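Each of the next two complexes has subunit A plus one other chain: subunit B in the first, subunit C in the second.
Moving on to the complex of A and B:
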């Protein structure tokens, strides 16, 4: 591949370059993270106490700013007592890559701490089910309504102004209300996901429908297609590939509501793990859990993209830049 | 793969994941609990099977603290573990609860932490304090100021979320913060040299933690609640007995994701109340050693700070008869 071939406008990359850039998009952040974590000269604004010496308010494992540490050392030395010792470290909220990797591994192999609480993979599975049901319920209503709004202007006027208004209301604000109506288990959680997804879904799908090539509709009318058939035989098949792609994006959208949704009612799923670990400042575990969600999201999307290519082989946008 | 099989495969996957998505609803009584040592203590009874042993069909549901009050106010759980002050707040909002037993009082876990150089409450005169206005730490601060002949007018309050107080103190923009464990511990760890200038150990009984139950469920399940209080007595003795304490610590720390060693100090700052002591606290009196007196102070505080407008009828919130019925 020629070097200048990389920056051609709206042209696909060669398979090798695609793979290389795709890998780099992950490798680069990790390399930066490693440098910040393992090279003491980069950042490391604090000292991790390894020996408190004669300073009574210090304990092994505390972190303090370097300036304060220098003061403590000077104070001890001026009194001819043991100065505290420590090593350069990053703040507690930035654990090193290997710590997160270890946390990721141990989180899965550690049995659930108490008898009745789930293992981590069970918690994750529970979270996925909440997302799944939220998304399915939202889609059952959102997809048909979106298509109708996109197809018939009357439907659009009847629904869209209100939906435009409602989509600005933050879904978590409905938390206490959802609990009052639906109880404390999965009902209110799924509801939050639905509220967070549905309104965007209708608008996005309506827009996608409007972008359908007008020539197709005209050709169908010329050929004498009846009104209903125009919808079922022309509009819907015409937008399917785009609709499928919209749904993939919206599924990601649903995931972003997971944490607030799971804090409503009983604390469950992966959120329980994340909030509990964060409360006690075990940030390696928090990052590990966030990564799990990332892996699941990316994995699902890749599988769906693959399936999409099989379902809609005529749709070139799926293979072009994706 | 044809299109139809692909669609079929997706549908199949969805349906398969669907099975078991709905949790089974508990048939018996449901109680909400959250991350506070006096409530995590119930985990001992749960894990040891003492509830079943007592013939109780009670399920404990883990909540975020404020979410547990929402669920209780909405009548979705039958009982909730909360502070006496918050029981009044929830009740003033329409989610009435009756306090039938005490689990503990805070004995040092709640604290006002001063930055290095601040050694006592008196040093706070004219200074800024980061605190979540209207919450228990605010009440604790007022009590501390009062005991030192000062009042809220002598300090400036900076409204801060309790969970964020370690960063607020670390920023150097305030001279002290108010928080409970484990947040207060983190604040001190993050700013070495900072120390507690006033803690709930100096005002025991200012914050009682209770089991508040839904009034209709109280009448309908009186025997079960009494049995539950008996189980609590067993829990307190199991935790306080040095022989069994390590096992109890193991169970409790596992619930919140800590090691037993790390959990021990948190337990120390909590004074668990067994049935015998509970009976005494249920006696009427004006001071902090009575639940009535403590709740009265909380009620005044809530009205003064516009948490709610009308004074609450304290007696309607307290039913000492169940604890008294345990021999």
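Moving on to the complex of A and C:
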């Protein structure tokens, strides 16, 4: 059987095809966005008024549905007055790529409109700190507990049934409680991220630990390894690469709780920026900020993957697939 | 293949597997004079499952002497792996006793080394550190452990790979490392559970010769589980033959093939006589036991009758 080409079951791609498809995965959505934005025939359900003509309720910069605009034109023409002029456009909530790109740039170089309020980069930095502390606190407790649950069945039975129950409670539901206990600043926000991450973390890491090859433990036993050394010299080093991968996935999870967390108490960080801009209908800025989160998330993950490859040179799963 | 073998070793044509040359007999006498390292005494093992109780091993008794090479063979399901795992202390026995130099075995310990079929090298440690592992967990200093490990690697000719990771080695090399990792602890006995089962035929032959070489050079008693009869005869001083359901001792055969062993002996009369005896023991009563035995006769011809491969 010929095993070349793009659609081979469980076969890696050639490096060139990998690069091509990887680039396409970003280019394709952008191309679609461009087509919707710049080709009037595709969607453009509205008219952006460039000249109100004789119609007094129209203003430059207003958007209206094409049907209403056609009515306005017909009305003006029937009265032999100046018809309004406009260009077809998308609704305000879908800005064009170039508008978002400009917003991305100007958001960083322009100070925020109100005094005392933070610049975009300050908001972002604040968000990253909240994520960082939430994740660190969760990991300090979650990682050791997960490993213990995975290693000792007694630990697992003692903790996992309750954690299984608790992980279904939505983290944001604890918002009001967290504010009552920890005040309105960063305390409750970090708490929400911890609650959102911790319970999943324990269960995922416990499962990863249970997947360790039992043969390695038996080999260590026959070499004379005693209880605690079994944990520190076999179980922990044995699961480290998988544990690291789990942590990367869980960090992504923590980001998804960020926006909800930042709405609790005083709105802060990138969420404050997004809600402010949305209030003034600066949707280009909103998209710019959302993308920023994506860039930061993807960027950190790529850096962590790179570090992982350095840390665990023996790990074979890293070079397989992906 | 089996039919052909039986034809050639028909009774009378070859000496019995019980006939030993003077040299072989003298060697066995010397062997039996050495102290007993491992004594298995009326050992039984019952597995309790949801369906009830299964007797896996029934009243197993045997002894091995210092520097003896004992192979354990038997049909699948005879519990030979369970036996070696009990000896290692990885599994509990139901009744009877396992004594290592007079001390009962209750848990795994560094006085019994073990080599598994699946290599089980620690993938996060280099070859050298794998060998150092047992030494370090038993309280030897890092310097001593490293010095010893390098000597062991030299013994098996893998000192060049000291800083490689296990995934960079071939199967045979991995198993050589696993053997010296177990030996580095200087155990009294080395337990091997089908260690060469995953290797290709050529590598396996080389590993067998290699293992004999190691065994001759150091003070070690080996209990070696295998289902390959040639392997058992080639390696063993004595072969413990188990029967299945439940696992019981059928016979403890003294292999009449003289030492030192070489590949040329595979066709010697002693070798063939021993093999014939093993086949007889292992395949007897198998007809009603083995689902695979008669299946080939049930395959209908799907080709043209003139299109024969014979």
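Assume the second predicted complex is superposed on the first by the 313 of 322 C-alpha atoms of A that agree within 3 Å, B and C clash if a C-alpha of one lies under 4 Å from a C-alpha of the other, contacts with A are read in each partner's own complex, and residues count from 1 in each chain.
Everything that follows uses one rule, which is that a contact is a pair of C-beta atoms (placed from the backbone, for glycine too) under 8 Å apart; a residue touches a chain by one contact, two chains touch by 3 or more.
Treat the numbers as computed from the prediction; the structure is a model and nothing was measured.
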Assess the superposed three-chain arrangement around subunit A: do subunit B and subunit C clash, or do they fit?
fit
Which holds for A:219: it touches subunit B only (first), subunit C only (second), both, or neither?
second
Going by the contact rule set out at the top, does A:229 touch subunit B (first), subunit C (second), both, or neither?
second
Which partner does A:263 contact after superposing on A: first (subunit B), second (subunit C), both, neither?
first
Which partner does A:62 reach: the first (subunit B), the second (subunit C), both, or neither?
first
Which partner does A:314 reach: the first (subunit B), the second (subunit C), both, or neither?
second
Contact-wise, after the overlay, does A:240 reach subunit B, subunit C, both or neither (first, second, both, neither)?
second
Once the shared chain is lined up, is A:18 touching subunit B (first), subunit C (second), both, or neither of them?
neither
Dominant contact partner of subunit A by residue count, subunit C or subunit B
B
Subunit B versus subunit C - smallest C-alpha distance in the overlay, whole Å
12
Based on the A-chain superposition described above, do subunit B and subunit C contact any of the same residues on subunit A, and if so which?
none
How about subunit A: which of its residues touch subunit B in the complex?
57-59, 62-64, 68, 72, 113-117, 128-129, 132-133, 136, 175-176, 179-180, 183-186, 263-267, 272-273, 275-277, 279-282, 307, 310-311
Enumerate the contact residues on subunit B facing subunit A in the complex.
1, 3, 6-7, 9-10, 14, 17-18, 21-23, 25, 30, 32, 35, 43, 46-47, 61-64, 67, 70-71, 73-77, 163, 182, 186, 189-193, 195, 251, 254-258, 262
Looking at the complex, which residues from subunit A come into contact with subunit C?
213, 215-216, 218-226, 229, 233-234, 237-238, 240, 312-316
Going by the contact rule at the top, pick out the subunit C residues touching subunit A in the complex.
88-90, 108-110, 112-114, 116, 118, 120-125, 133-134, 137-138, 165-167, 178, 181-182, 185, 191
